[in-house]
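Shared between the two complexes below is chain A, which pairs with chain B and chain C, respectively.
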Partner chain A sequence: MFALALTNGLVIGIVYALTALGVSLVVGIMNVINFAHGEFYILAGYFSYLFAHTLGMDPLAAMLIAVAGVFVLGLVVEYTLIRPTYGDDMYSLILTFILSIVLQSIYLLVFGPYPNKPPGWVKGATDIFGLFFYGNQRLAALGAGVAVIALFFAMLKLTWFGRMIRAASQDREMAELNGIDTTRLNMFGFGLGCALAAAAGVILAPVFPVTPTAGTPIALTAFVCVVLGGMGSMSGCVLGGLVLGVVENLGAAYVSTGYKHLFMFLILILVLLIRPAGLFGRREA
Partner chain B sequence: MLTIEGVDVFRGETQVLWGIDLTVADAERVAILGSNGAGKSSLMAAITGLLVPRKGTVRLRERSLTGLKPHQITHLGIALVPEGRRVYKGMSVRENLEMGAFPRRGRPRLKETLDRVLNLFPALGRRMNQGAGTLSGGEQQMLAIGRALMSRPELLLIDELSLGLAPRVTKEIYAALDGLGAETTVLLVEQNVELALKHSGRAYIVESGRITGQGRSTDLMNDPNIRRAYLGM
Partner chain C sequence: MRSKAIAVGLVLALFGLAAVAGPALAAGPVKIGVVGPRTGDAAATGKAFEEGIQLATAWVNAKGGVLGQPLEVVFEDTAGAPDKAASGFERLVTRDKVAMVLGESHSSSALAEIEVANRLKVPFVVVEAWADPITAKNYRYVFRAGPSNSGVVNETIAQWVVAEGFKKAYIVAENTDWGLGIAQLTEAALKQAGIPFEQLVTERKSQDHYTELTKIKQYDPDVVLAYVYGTGLHYFVAQAGEVGLTPKAVILDGAGPPSLWPDYWTNVGDYGDLECFVSSMHEKVELTPLAAEFRENYVKAFGKAPTDYKSRSIYDAVLIAADAINRAGTLDAEKLVDALETTDLLTTRGRAKFGTEKGGPEYHQWMPPMLVIQWQDKVQTVLYPPEGATGKLKR
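Right, the complex of A and B next:
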């Protein structure tokens, strides 16, 4: 039971981490908390359902198009809703909160209240070290999550775009002085943040179907990951996601499924008591 | 190269600069002197586009900088070494220098410029893969200057070069700047008046947001008023 709960925790944890990376990215670059982050996750799930199930596209192609679609929507949202609010973080908070409710209502209208599930990529199950049988779709989700996170980190480290992101996250004004158009960077950073949520969405939707309101707890968990790992630390964010995923599943296995969110907050409070800046957080002067 | 005419600058609703006129010619070394809060950094901000003048013009080689964003001004060939150095502490020395070469004028010549910068500041070469946050104050200042040079600027602005540095390190950095050659024009803000006058051809004196004096550095050095006010003699 322990090994199974642990594996479940890792699968969910990786997806949490992926979602949280998007939040962390956007907070880092533009100091904006996107309350509609979870709704972008859900939208990607719906998109991949729509393309793969309804239109009969290849699941992988459907996923890629779904992520690309959410990326473009992210650009539009930044341009129309967030950009006019620069200089006053409160407005973007309220606007994205309204956006999340509007999107939830649209999902309800278009897709109905019932769970929707895009087709899986693989079938069957694998024997894990003779301990238990584990669904191949979940294993594939784990692999895909790890791959996307690795790609994201490689992008941050190796490309000009990645270096622009890191520079601007540390000192926006200095980055602008180094010739970076930080207004444009905001737009692409926000789009990329949404795309990370979308990647998490398309990866997990074949396992956990999407519903109009399922984005709220996902965004909540992502915010907790970011705080847990330490604001501004990308690797902390990944660790935070894994910790939450594992704790949640161990708790569900040994105590009760009903206390999922309670465990999450207990962990958060515990970590913040011991390390106020989060696991990997730098304490700013 | 740089012409500033009648510039008024505000921070919020507070005026910090009044009718600033200032010119810097090609290959010149010009110093700006003034006590704390005089408005030296605000002047740097007005040149780099971080603060937008309400009145007056800033021109770089006859091209008006009015309405340009800071990143566009950087692309035109002005680089700032900001007060407090502001290196990217979470990035390595190499990455900091590479960030400096981000503008189109720097990127194609990255390797060549990097060699030149490391030649200028050999201390950086030994720490290329180290985090910039682990450098000493002097090394961070070298890095900040190196990063600015990486964009191959025509005009290099340095705000508070020697602040908080040991005299030996300050000397080393000034020696490096003296070796820059005519390709780079330098406008520098310096608290240490003696040093500033020694390493510049001309200087301006800023007091309470206005330019109250200017002249050749050698003349200013011998000016009894300057000596009394700034050199404590």
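Right, the complex of A and C next:
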């Protein structure tokens, strides 16, 4: 039981981290909390389902187009809804909250209330060292999730765009003085945040089918990961996801399955009591 | 002068008649309300309700409506939340002036709504919320034309478990009024039948059940009684196959509709075969001539065969309401309750009659017959009751 709980905790933790990275990125660059983050995840799942099932596209092509589509939508949302609210965090918070409700209603209208699942990449399950069976689609999602996270960190560390993101996250005014167009950076940063949510959506929808309202708990878990890891800290966000996944699964295995998500909030309270800025957060000057 | 007096007399007589007859002779359609989730996690039930309402209203109005007026149904969304359910119910009564309210599929919401029905003294016919306390509270204005937890467990599930000769069972319940209530009743029934069992509670919104399923697998049951509703059931069935719990153990979906949703096979794949579920409807077996007529009208209206049995449950409830209003001859709540208590109507699920003996959940309860069905090569096979069986359990 311990081996299964730990393995599953790490897999679910990667899932949480992947979902939360986009939130962390947008918070880091723009100081905007995107309440509609879960809905962008769901939209990518629906797109992936639609392109692969209805239009008969290759699943990989369907996934890539879905992520690209959500990225473009993210740019449009930033330009039309978020940009006019700069300077007042509360407005952007309310706007994205309303956007999440509007998107949920549109999904219900267009895709109906039933769960939709894009085609899986692999079938069956693998015997892990004779200890337990584990779904192959989950293992594939784990591999894809780790690859996306690694690519994201490589982009952040090795490219000019990554440097601009890091510079704006650390000191926005100084970044502007050094010639960074922060308005355009905001736009692409928000789009990239939505694309990360979309990447999580297309990777995970074959494991967990999407429904119109499934985005709410996803966004909630992502916010917990971000706060746990430290607002705006990317590596903290990944660590936060892993801690949550493992604690939830060990708690369910050895304490109670009925309160699985309660452990998530208990660990959050505990960390915030000891380290109010989160595991990797910077203390305010 | 004389003709003027006659005209005044006629007007007064008409006013007097209208006052005596009350709302029964009011012009315009007779309104009844429906409560149910059109949004939220269980919006699929709202869709099934919409379909059933459309067919039932057409059926009633084609036969002359109610009290000589057309019947109109106002559907209020509860989103599956008790607070919204209670306020939605109140809106139907105070804003829309409905004579009666029907529906609901969440026990938590229904438990909030029955308090409003009792306070406002409006007849409420619950359709698909199964928790026993809904009728066990013995409220005068509350009826249930649908399954109750104790009815489903004692008349169907427990008897099926015994009849199939299962040796060890595992009960899995979501943490809701319905899930916890039906699990408790199942424990009592299995204890009485002498069948060893274990049980665990799972979170309603949980997507990942690997840890729960591994615990279940360690116990090595031959039947898993899963009281998990909605998409959660799809996750549960698919993941049970992945961890190797099935096909060695048989899963029974203790609610039914999620096993019949259009994307069931896409979501669970081959792991869905040999799964069992309870249902008041089978794809081919019809209990009454009205059920066959319902199927025919459904196909005509929606271009597909009915799957979610909740469309038929609300259909029956609308027919029961129309029948009660016609027999009462008025929209007066007290007389409607009296009429409902003497209901004796052939519906799609059999003859509807409400219990009138106070003291338990049987008061104001009509329990329609339920079936246990198994998917065998994607074809529904009735396993229980024996008199309706179309095949035997496959493992």
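Everything below uses one rule, namely that the second predicted complex is superposed on the first by the 280 of 285 C-alpha atoms of A that agree within 3 Å, B and C clash if a C-alpha of one lies under 4 Å from a C-alpha of the other, contacts with A are read in each partner's own complex, and residues count from 1 in each chain.
The rule we apply is simple: contacts are C-beta pairs under 8 Å (C-beta built on N, C-alpha and C of every residue); 3 or more make two chains touch, one makes a residue touch a chain.
These figures come from a predicted structure and were not determined experimentally.
By the touch criterion stated above, A:Asp58 is placed in contact with neither chain B nor chain C. Contacts of A:Pro115 after superposition: chain C is touched, whereas chain B is not reached. Contacts of A:Thr257 after superposition: chain C is touched, whereas chain B is not reached. Using the contact criterion defined above for the overlaid structures, shared-chain residue A:Ala125 touches chain C, although it does not reach chain B.
By the touch criterion defined above, A:Tyr134 reaches chain C but does not reach chain B. Within the superposed three-chain model, A:Thr182 lies in touch with chain B and out of touch with chain C [touch as defined at top]. Of the two partner chains, neither chain B nor chain C is touched by A:Asp89. Once chain A of one complex is fitted onto chain A of the other, the partner contacts of A:Pro217 are limited to chain C, with no touch recorded for chain B.
Put chain B and chain C next to each other and count what each touches on chain A; the higher total goes to C. Shared interface residues of chain A (contacting chain B in one complex, chain C in the other): none.
Chain A meets chain C in the complex at residues 1, 4-5, 8, 12, 53, 104-105, 108, 112-117, 120, 123-125, 132-135, 138, 208-209, 211-214, 217, 249, 252-253, 256-261. By the touch criterion given at the top, residues 160, 163-164, 166-167, 170-171, 173-183, 282 of chain A touch chain B in their complex. By the touch rule above, chain C contacts chain A in their complex via residues 39-44, 46-47, 175, 200-203, 205-208, 210-212, 214-215, 218, 231, 234-235, 239, 241-244, 261-263, 266-267, 269. The touching residues of chain B, when paired with chain A in their complex, are 48, 50, 69-71, 74-75, 79-80, 82, 86, 88-91, 95, 98-100, 102-103, 147, 151.
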